[in-house]
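These are the structures, in structure tokens.
Next come two complexes, and both contain subunit A; in the first it sits with subunit B, in the second with subunit C.
Right after this comes the complex of A and B.
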């Protein structure tokens, strides 16, 4: 632990070369708000740290019908960005509810995704917004839909030599909403969270995405529940039925934040609220 | 592995030998003797180690020290000193916005960044912004009063 190496590449090419050379010996460091608490508590030092904060990956822009967010964009940038507010307000809404000012100033969207916590907040709304991530290695690049990205708690399809470069949100981002239940109002991880996106034709739903967090080993897309809404007019009864179906797709556990029983009850309410909000139905 | 870290601390250039495994909080407290930022939880939860980096509040306990290369770091020691206190330090004192005092430096540093951003915050804005600074003694009401008293540069 005295001999941890440190690299702070100044461009993406250098960073990818370092990752290719070091493979599993290297750990990427962005804002450090997930990595460093784990290190402080369990002394889990990697062999080498590759700090990616100087790669210029903190942009937010619209291009080719997509909202492109560099993996290094912080929660604070996302919640203050006028383009996000206009094109994907539910993402800003989620960013506002994470951690505290100081963790939002340091924590990045790339870190939230790559850390692959099943309870992560930006992650669940991005999953509902059908976002994709651009991954690069020295050998090439690929895009992966978030619904195919997570493989388990802390696990993703990313290889050791890949860097998460960018999050791509297809536009228009429908009518979307984020809801979170924590153990208190601020500074708290989600007991359960949900993101939804509805495409509405008048008041008929022509497409739905429902994402649920902290209810399974990975953030979930609830396809059976989504299909229940298509071609229908949303009302309170349909929303309740759909929320129950969404939660039924989960396999919640008991942990220090809540019991599985509570997660199921609360999750149903959280999904229902998100659906009502996205559909513009009071309550 | 040890390397030299150069950054600006409270307006003055600093060079210090650090290990990759040092956090900014380790370096401030143990190498440089700046003990104003406190080690509370070491997990980013409590806010007692809050410092300002390039104008933004962050947790010193979560910042790997080497990532501070070339940055401008401001700690509570940079806000005011004995006999020449920052208006927020005076207001915290006048309003009794502390009991044991452990969280106070982090509170004041956070409050400074709040007022830099929103010079005249509402009560709700104060409560929301300061929610990342935890006080076990329960001085929240007085903290908000002290910030309110300074807001708009009234004090």
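Right after this comes the complex of A and C.
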């Protein structure tokens, strides 16, 4: 990496100016845990790095009926935060299963979303929790629902001059669960992962969100499967049927970690487990 | 569904390369302060060879182990060690160390005999000193020897080598061959839990027992078993460069996709057992064993998966995908 420009703005205004000036020549650097491997493995040579770790975006708070998480909050912050534990425990559960202590200390929620990996873990549970992201540029700001955020592997609706500022989770966050299947118990990207959120009226489901990762070019919301649950009492048979429908929405591929066949088989089990966990059924 | 199974495996692990004619050498230098430097060419990649070879030198010289430092990085003057492979170092190198110690003792005894004008046979080497029995005037601590040697024209280095008999051919009729190495005997008992919906295998507990001649350093023996187990877990469950072998598609290019076990994958329970039956080919009965601690868990894991599921899987690694396919078949 020669002659890479490095900027470390100390407030959001400066950062947005830099982004406006440099457009596609700027690459945002948060924890660097996706960016640095990309530089090392795929010879990505950013022209200018803009480090956003000094912008004070690492807050977690509740405001206006939402859980607001600054894009700079790390996995470690999320898994240790008492407010997250209380309001959105499934998010903490997902954060606990990411990478290793070192990557959790450095990696941020904003990076996980902006990197737009179809296998990302925080992303899939946030998608199930119907989170929105706040994007800002020097020209203005907008909020985008996560289900409309991803456009392809590594691609989002964000413009070059936009910064992902904040993740907003509507509260209450229902009864949610996250399940991850990797190739070992730590330091593994997901072979398939699933996030679900159920709104329960007694034992009847009044609303369901099912998100699936590593099964398509983007993290996926499985609306057909979700509809199968609404107005029904959840039991093992319905859960199995719904999990199969959720996975059928995917278009998995073969890669180093697993084949499409495996993702489909094991993915069905993972979705079923997430549903059972959220519904409080079985072990 | 999660199913549990248990199984045992036994291995014979040949150590010392069955006498491929690979030598090891050693040198021991007496320093002016009366301590010693053991100079070897043996690569210590964490297996503890520096530690045990110091132990052998201290024992052969009858001096405290603190008085022996080791240098295995002497570059172009390093004695030869054919290598840290074939679990051979514990079997072969101690012979070279003992020979070097004997050579050094001879030199020092001869030098002291000259100082005292007595026959070398009259000089005893013991207890970190040399002396003539029954003559209180004629005694020197090793510190005094070290100082004294500085003023003499002698460089006190003992050298030694060990060259096991070269490999002999197998008898074409019977397959028999002369056993010039040593065999260690290992046993593993494992319990696994198989997730029949994802194919993931959790190794819950492992017992490993080894007959290894002489546990020169019981702590490092246990650590070798721990380390070998970690290699064995990777071999059995995860490590693969070509997940679609023989198809070369999606060959692994980075360690990110090459799965070695982490501490989290390690069994919660590990017990070690060490049995000692002195081996005639080793110094103090010692022979190697360590590499075997990585192979013995593998067949036990495969058998335990069979015990749990009723299915024999005959390819490694037993990745979740391999397991799920086998369960479906």
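We adopt the following convention: the second predicted complex is superposed on the first by the 281 of 283 C-alpha atoms of A that agree within 3 Å, B and C clash if a C-alpha of one lies under 4 Å from a C-alpha of the other, contacts with A are read in each partner's own complex, and residues count from 1 in each chain.
To be clear about the criterion, a contact is a pair of C-beta atoms (placed from the backbone, for glycine too) under 8 Å apart; a residue touches a chain by one contact, two chains touch by 3 or more.
Model, not experiment: these values are computed from the prediction.
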item	value
Per-residue contact with subunit A, leading partner among subunit C and subunit B	B
First (subunit B), second (subunit C), both or neither touched by A:187	both
First, second, both or neither for A:266, with subunit B first and subunit C second	second
First, second, both or neither for A:258, with subunit B first and subunit C second	second
Which superposed partner A:142 touches (first subunit B, second subunit C, both, neither)	neither
Subunit B versus subunit C as contact partner of A:33, first or second or both or neither	first
Touched partner set for A:41, first subunit B, second subunit C, both or neither	both
Contacts of A:8 with subunit B and subunit C, given as first, second, both or neither	first
Shared contact residues on subunit A - subunit B and subunit C	37, 41, 100, 185-187
Complex interface listing, subunit B residues touching subunit A	1, 3, 19-21, 23, 42-45, 47, 50, 56-59, 61-64, 66-67, 69, 110, 113, 128-129, 131-134
Subunit B-touching residues of subunit A, taken from the complex the two chains share	1-6, 8, 29, 31-33, 36-37, 39-41, 45, 49, 51, 53, 76, 99-103, 105-106, 185-187
Residue numbers on subunit C that touch subunit A, as the complex places them	197-200, 238, 243-244, 249-254, 256-257, 259, 261-265, 319-321, 324
Sites on subunit A touched by subunit C in the complex	37, 41, 100, 181, 183-189, 191, 254-259, 261-262, 265-266, 269-270
